[in-house]
Structure formats: structure tokens, C-alpha cells
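Here the structure is laid out as C-alpha cells; the discussion comes afterwards.
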Amino acid sequence: MANFKGHALPGTFFLLFGLWWSIKCPFRQILRRKERQVGDRERQKLTALFNRIDLIEGSLKIFFAFVGIMAEQFVPDGPHAHLYQDGWVKLMNWQHSTMYLFYGISGIADVLSVSSHHVPVGLDRLFLSLALFVEGFLFYFHIHNREPLDQHIHSLLLFAVFGGSASTMMEVFKRENAVLELLRCTLAILQGTWFYQIGFVLYPLSGPEWDLTRHDNIMFITMCFCWHLAVALLIVGICYCGVFWTSKWCERRQRGDMEMGLRKSTSTDSSSQKALLQESDEE
Amino acid sequence: MANFKGHALPGTFFLLFGLWWSIKCPFRQILRRKERQVGDRERQKLTALFNRIDLIEGSLKIFFAFVGIMAEQFVPDGPHAHLYQDGWVKLMNWQHSTMYLFYGISGIADVLSVSSHHVPVGLDRLFLSLALFVEGFLFYFHIHNREPLDQHIHSLLLFAVFGGSASTMMEVFKRENAVLELLRCTLAILQGTWFYQIGFVLYPLSGPEWDLTRHDNIMFITMCFCWHLAVALLIVGICYCGVFWTSKWCERRQRGDMEMGLRKSTSTDSSSQKALLQESDEE
Amino acid sequence: MANFKGHALPGTFFLLFGLWWSIKCPFRQILRRKERQVGDRERQKLTALFNRIDLIEGSLKIFFAFVGIMAEQFVPDGPHAHLYQDGWVKLMNWQHSTMYLFYGISGIADVLSVSSHHVPVGLDRLFLSLALFVEGFLFYFHIHNREPLDQHIHSLLLFAVFGGSASTMMEVFKRENAVLELLRCTLAILQGTWFYQIGFVLYPLSGPEWDLTRHDNIMFITMCFCWHLAVALLIVGICYCGVFWTSKWCERRQRGDMEMGLRKSTSTDSSSQKALLQESDEE
Amino acid sequence: MANFKGHALPGTFFLLFGLWWSIKCPFRQILRRKERQVGDRERQKLTALFNRIDLIEGSLKIFFAFVGIMAEQFVPDGPHAHLYQDGWVKLMNWQHSTMYLFYGISGIADVLSVSSHHVPVGLDRLFLSLALFVEGFLFYFHIHNREPLDQHIHSLLLFAVFGGSASTMMEVFKRENAVLELLRCTLAILQGTWFYQIGFVLYPLSGPEWDLTRHDNIMFITMCFCWHLAVALLIVGICYCGVFWTSKWCERRQRGDMEMGLRKSTSTDSSSQKALLQESDEE
């Protein structure tokens, strides 16, 4: 699918997942800190909620991967599940199918991790890391013999892909590290926007074509990648602040309601204050 | 041994070890969790059992390495332990002998680790990591000046070899990490199946020879490596589930027997329930 | 700004920050050890002091980054915020602006980390690491098609830049590790002095021009980089000792004052001795 | 010093240090385990002994580095401290001097680490790692434009050098990790023997010269490097066992003496048995 749509499609997926993670991760981080405050029943409810969310996320990953594989195979100029007919048939589509396959496997690992206690902790991150690695691995051997700018713009993508793979692999060992989670969000968004950028450069929707051999263009694209990174950091930052202020606002409203109730029974007040103090100590 | 058998032999060894590990590792992981439940005597029995298994594994490694070295040296067209006679004699065979030597050393380290308390913890993993590193190191300098596809298919092997070396080195520091153990199993199986793939491509048993210079073939082989990885993950997954369900089934039968006994003496019932609750808490 | 000043400017900034850190870090390390001794009020005062210092540091970073961007854009031969006019306008200046931008973002992260408890721990280091990575990333793609010595002298800079990025990334996970902090100081100073060296070599203030193609010069410059590293280590060492002796001297004077006071009330003496013994045990 | 002696000299130093470490490290590891058993006074005596040993080691390093620098500068065909006289003077010797300089700095760091409590823990390892890095760094840029075998045999050295640098850097964070210490010993010995090998290959003492362009020779040398690694592992293993058995023998003799004494006062017997049991538990 060497056209604009073929780059916009994965770009949209990565962008959506990146945005979704940059809402989910800060939310979970905030709740993790608050968890110590709340009672056992509340905590179990939260854990169940998050498990359900992860289950849906995993299922969506499997579904999208399946759709992606089907689309790559059965588009009009696709291989229609034929691999070899007097030579390899549409290897590009097969390679893309393989990439989707590994994201599908990662989705299965997500679902299993949530639904069973016996799956080793961190397996979901290992499979996501592997999926990213395979994507980068296939791209790496896929960009030889192209025009300089085409090659360069795809090799910049590899920084986001392998960076994401490495940071996700770190999460296997340093689970629930807030900084690594935010880095993963950023790199997912970066990958998403960069897929769009590749589409715009190689298959411009309007205006003149880019000269794929000029050194100037390569220099600009390198710098442009850094701008995308800055924008991705900004988006993650905005999401984080948004989630944080929403949670603050909810909490205040909730506390307001609680205080209404507490006027009747003031004895628990001191204990909630103690919990608040503990929270601020721990932070 | 540049023929099909020469690739099938190491492939079979890696495949067998990979499969064996992907049964041993989940088994040990499941027992490790259960260990807290069982009494001290039970635990000692399990530890002794695993030590015996590791001892046998180490001995087998030494034996296979010895056989491998002998085979490489004394096959009809081998060097017969001559290194230099008006020029280096059969350096390929000597290189393969060297690889086997390091797996033999790794086997010795395994045996020593099990049989003495005074060997530093993690030494067995260090030596396995070194053996894999040496294998990759020799392969790396061994594939120059070959046909493009021959070079590419061997360099893909290096991903499995160095990946295995790195993940085993991590195990020196993060011992008993379930995810790393499963990754090691996967990479061993991947290496095994990939050796077979190399054999099939370079020395096809039937059908036409592969064109070693076509870019299409290189692209297919790259993708094929990812499929092997997916298959290796699948095999490890199946082994894990198999071991898990078998252990569940054994436990249930055992518990059934125990319950038969408990009907007579119901006082211990509450304590076993407590233990079960503890288990589910810890998981 | 391909002239001496263009290299002296960033060099001065890195040198100043490196020197400042190599005073701040040992100071903080010494206080961290002493913190256990002092009372709660004292500790809060120290924390507040360091927060204020970090706040000022972050603000300065933002200010310098802003000045840097403005200077790159609005120097007489700068792009004046024009990016494309029948071709890319002054991409060099744009690239430098991008580098400054990321240091500015790192400054913002510093300020946020200090001013709010809800920013994940280690975020400031992640952003500093990213800023260094982006600097190295842009330099890496920026030095193609130059004279051998020009290329070599810039690629040596990358060792300091990427080394700094890696060691700062490590600090995300191993926060308050004294060795990593000193390494960061050293690499910042190294980067500063090396920028000066680049300026002196490529745009000599006096004397003959360097022959940019001679192999001898490249060999000398490689060695010279190691000498800069040795000097940077020396500077950090001197700063460390200076801070250490100053703090010792202050403490002794303070203790002298205290003893004067203690002659009146000798009961607290034994407890302070105990604290001292604890300190020496812990070290 | 491009002759046999010029390679034998550093080789001897590395070999001696490697051997010395592979006696010191196991000795210390064994004592570290036993430390919990012995009384406080015994422990202080051991710590003092080890500090004295480290002090001597550091001083020797400084001395050897000084001698090395002087030798490189003032040999008859050396630069005699002249750096520039109508062109760079004897840059090779200057580069070797620089390498020695960093080992000297590492010696200073060792001495400081032992003699003061205020030096951050791990600084000695950081400096040793830096010294190895600088050695590798200078070698890396030093082997261009040579014959293929000369280049290859030196680049193999880099595996030992950078491997040593990486493993020593790990020791900054994982101090007193037995496996890392043994790895460091092995890589030091490997470096030592490989320097000799380089000397024998490039400047053969007797017999014909090696053909520096034949691919066969390169293949043999690659394999030979692995054999050196195996030999280094063997040497470290023998040292470890030697130290272990010596310590066992000493202990038994000491215990024999103690038992003679204990027959008079049997009350302490049970407590020493308890300590022994604790020891075997901990191991």
C-alpha cells in the first residue's frame, strides 16, 4: 500500500493508541497513589475496572490486527493469501501482515495477562516490545535500494520504533514506572504523527512533489522529526494535566459531598485528615 | 560440514534444549509459587529433585559438546586434530569445535553450580551467555565473502544468538525472572528452527536451488524469520499451558485424595483453606 | 553561526552548567548524608533551599534557551523566522534553534518537577536526557559531507553528548546516585571545553589554519579529547574537594559555636555524639 | 613501540593485574560470606587488611602508570615531552602515554576511595571503567590504514577492552557481585594474553613472518581469540578453586586448634554450631 492511505492507516492506529495510553497511564498513576487511602472494597473495584479496560484494549488490538491482516491480503491488488506463484507474490503486503500479526499476538498476551493470575507479570510488555521490535526489524531490511529521502524518512521512524521497543522492554523489569509509561505514550504518538509525515512527503496530497535526492530536504526532515517529538511531548503533557485536573475536580466534588454527610457524623473527620497527611508525606 | 546435516544437527540440539527448557521453566515457576504453601520437608525434596535435573542437563550438555567436537574433528573430511600443515587445516571444523567447546564449558559450570554451594550464584547463566556470545562472535566473522542470501540468512541467525546471549546475561542479575526465562526458551527454539531453515534454503533436499542473489528471496527470508519467532512463541506458550494444566490436574487429584483423608480428620481443613487464600493473595 | 563565537557560546553555557552542577551535586550529596543527623525543621529548610535553587536553575535554562533561539533566528544573517522561501532558509540556524528548544523544554520540566508534587519522579532527568539526545541526533546527521578533520572533531563531541544522555537516562532509575551525578558534571564540562576546542581548530584566532585532511591532525585531536576528559575529571574533583572542605570548615565553626552553648547545658552532648557515631557507621 | 616488547609490556601488566584480582576477588568473596560468623573485632581487622591491600594496589597502579609514561616519553626514539615541532612528534608514544595517564588516574581514585569515607561508593570502578574506555577509544581510532590482519587482531582486542569497561561500569551499580568480579578478572587476563598474541603475530620472534592479508589467517586469529578466552576462564577457575581450598584448609586447621581449646570450655560449642548452620542456610 505505497500511497498516502497506506501510511495514514497505521499512523491513525498508533496515534489513537498513544492518545489513549496518555490518558490511561496518568489516570492509573493518580489512582495508584490514592489507592493507599481508600478502603479494600474501593481498591478491588478499581482493580476490576482497570482489568476490564485492559481486556477491552487487548481485544481491540486483536480486532485491529485481524482487520489489518485481512485488508493487506484482500485489497484488490493484494496477494489474496497466495505466497508463491512463479515468484513471491506481493511481499510488501505479506510483510505488513506479519507486523499486524505480532500486534495481534501482543493483544492476545494482554488479554491473557488480565484474565489469568498465572501468566508471569510483565509478559504483556514483553510481547508489545517484541511487536515493536519486529516492526522495526522488517522496516530496517525493507528500505534498501530506495531514494535517499525515502530511506532517511523511514530510518527516522526506526528511532521511534526501536526507542519504543527498548522502553517497553525496560517496563518488563521496572513495572509501573511513571516516566517509562509516559515515554512509551510519547513514542507511540511520535510514531503516529511521523507515519502521517511520511505520507505527506512521499505522496503529497497537493502541491509539487518533493525532490527525494536533495540534501536540504534530508536536513529539514531530520529537524522535523525533532519537532514531532516536541509536539508528542506536548500532547502527553496536556493529557497528563487534563487527567490530573479532572481527577482533582472530581475529588473536590466528592469531598464536598462527603463533607455534607460528615457534618452529621464528625468523628471520621480526623481519620480522613490523617490519610490526607499520609498521602502528602508519601508523595 | 556445509550441507543439510551440518545445519540440522545443531538445529536439533537447540530445538531439544529449547523445548526441554520450555517445559522445565514453567514447571519450576509453578512450583516456586507453590513452595510457600508446602512444608519444609516437601520443599527440600523439590530442591533436591531440581538439582538432580540440572545435574543431568549439565552432564548432557558436556556429553553433546564432546560428541560435537569429536564429530567435527574426526569426520572423514575433518582436520583429525591437525591445525597447521602448510596452511591452516579445515578452519571451519575447528571453529565449530570451538563453539561446542564453550557449550561444554557452560555444561561444566552448570554441574559445578548445582554440586557446590560455593560457586557464585548466576555463574551458570554467565557461562551460557558467553557460549552464545562466542557462537555469535565466530558466526559474525565467518560469513564474509559469501553470496548475499547466504550472508543474510546467517546474519539473521545472529539476532537469535545475540538476543539469547543478552537475555541470559540479564538473568545473571535478575535470576528467576519468569519473563526472561520464557524469552530464553523462545530464542533457543527460534535458533533451532532457523538452523533447519538455513539447511533447507542453502541445501534444498528436493526441488530447484534458491537464487542466492535475488532481492525478493532476501525479503522473504527476513519475513520468514519473524514467522519462526511467532511459531517459537506459540510452542513456548503451548508448553507453558500444558505444564500449567497438568500441574492443576495433579493438584486436584492430590487434593481429592487429601479430602478423602480429611473427612476423617476435619480439623486441618481450615488451615489448608488459609494456605489457599494466601496463595491467591500472593499471586 | 559557523565561526569561533558560534562554538564558544554553547561551550560557555555547557561549561557554566557543568561547573555549577559540580558544585551543587557534591554539596547536595554531603547534605544528604548529614540530613539524618539534623532535626525535622532543619531538613525542611534544606529541602526548601534546594527546591529554590532548582527553580532558579530551571528558569535560567528556559531563559538561556529562549535567548539562544532568538539569537539564532534574528542575527543579521539568520532566517528571521522564515522557513521556506524558494527553498529552505538557513537550516543550520533552524537546527540550532531546535536544540535550544529542547533545552528549554528540559528547563520547563525542571520547574514543574520542583513546583508540583504530582510530577512523576525522574521526569526532569528524562527531559534533560532527551535534550542531549536531540542535540546528538541533530549533530549526527549534520556532519556529513565535510572535511575529514571537521567531521572527526564533531563526531568526538557526540561521545560526550550521547554519554551524557545515557548517564542522565540512568539517573531516571538510579536517582541520587553520586557517581552518576559526577559523571554528568564531567561530561557537561567536557562538552563545554570541547566546543571551545572545535572553535580553536576550525576557526583559529591566530596562527596558521589547520590542514583538515591530514591524518596526523586527526590522531592528535583524538588524543586531545582524552586530555579534555582528564581535565574535566580534574575540575570536578577539585570542585568536590572544595565543597567538601568548605562544608567541613563550616561544620567545625558551627560545632564550635554549639560547644560554647553546650557548656551551659551538657545534657544533649551525649545524644549529639551518638548521632556522630551513627553518621560514621553509615558512611 | 611497534615491536614485540611494546606489546609484551602492557600484556604483562594486564596479566599480572588479572591474576592478582583472580586471587583477591575469590578471597574477598569467601571472607564476605564468613564475615557474618566472626565477631566485630575480627571483621574490623579484615576490613583494615583489605583496605591496606587496596591501598598498595592503587599505589602500584600509580607507580606503573608513571613508569609507563616516562618510558614512552624518554625512550631513545621517544618524543622527550615535545609535542609539536614542524608537525606532531611521535603521536603513537603520546597516545600510549595518555592511556597510562588514565590508569594512573584510576589508581589515584583507588587510593582516595580507600583512604577517605567521603568518596562516593563506586568511584574507583567508574575510573577503572573510564581508563579501559579511553584505552579502547584510542585503539579504535588508531588502527585505520593498516594491513587487514593487523587491523583485525587489534579490533579483537577491543572486545576485551570494551567488555571490561562495560562490566566494570556495571560494578558501579552492582557492587560486590561475584560474577561481575570474576568476569572482570577474566577479561583482564584475556587482554594480557592477547597483547602477547599480537606481539607474536606481528613481530614473530622466530620463524617466518605472517601474511597479513590472507583471509585464512584472519579466520584462525578470530578463533584463537576464543581459545584465549577459554584459557582465561580456566585460569580464573583454577585461582578460585585454589583460594577456596586454601581457605578451607586454613579454616579446618584453625578449627582444629579451636577444638583443642574448646575441650576445656564446651559451652561456646553450640553457638559456633549455630553460626555454621546459619552459614549453610545463607549460602
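A, B, C and D label the chains in the order they appear, each numbered from 1.
What we mean here is this: a contact is a pair of C-beta atoms (placed from the backbone, for glycine too) under 8 Å apart; a residue touches a chain by one contact, two chains touch by 3 or more.
Just so it is clear, the model here is predicted, and its values are computed rather than measured.
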{"item": "Copies chain C and chain A - interface residue numbers shared by over half, same or different", "value": "different"}
{"item": "Copy-to-copy rotation for chain C and chain D - C-alpha atoms, rounded to a multiple of 5°", "value": "90"}
{"item": "Between chain A and chain B, centroid-to-centroid distance (C-alpha), Å", "value": "32"}
{"item": "Whole-Å gap between the CA centroids of chain A and chain D", "value": "45"}
{"item": "Every chain pair in contact, whichever chains are involved", "value": "A-B, A-C, B-D, C-D"}
{"item": "Sites on chain D touched by chain C in the complex", "value": "87-88, 91, 94-95, 98, 101-102, 105, 117-118, 120-123, 126-127, 130, 134, 137-138, 141-142, 145, 172-173"}
{"item": "Touching residues (chain side chain A, partner chain C) in the complex", "value": "29-30, 159, 174, 177-179, 182-183, 215-220, 222-223, 226-227, 229-230, 233, 244, 280, 283"}
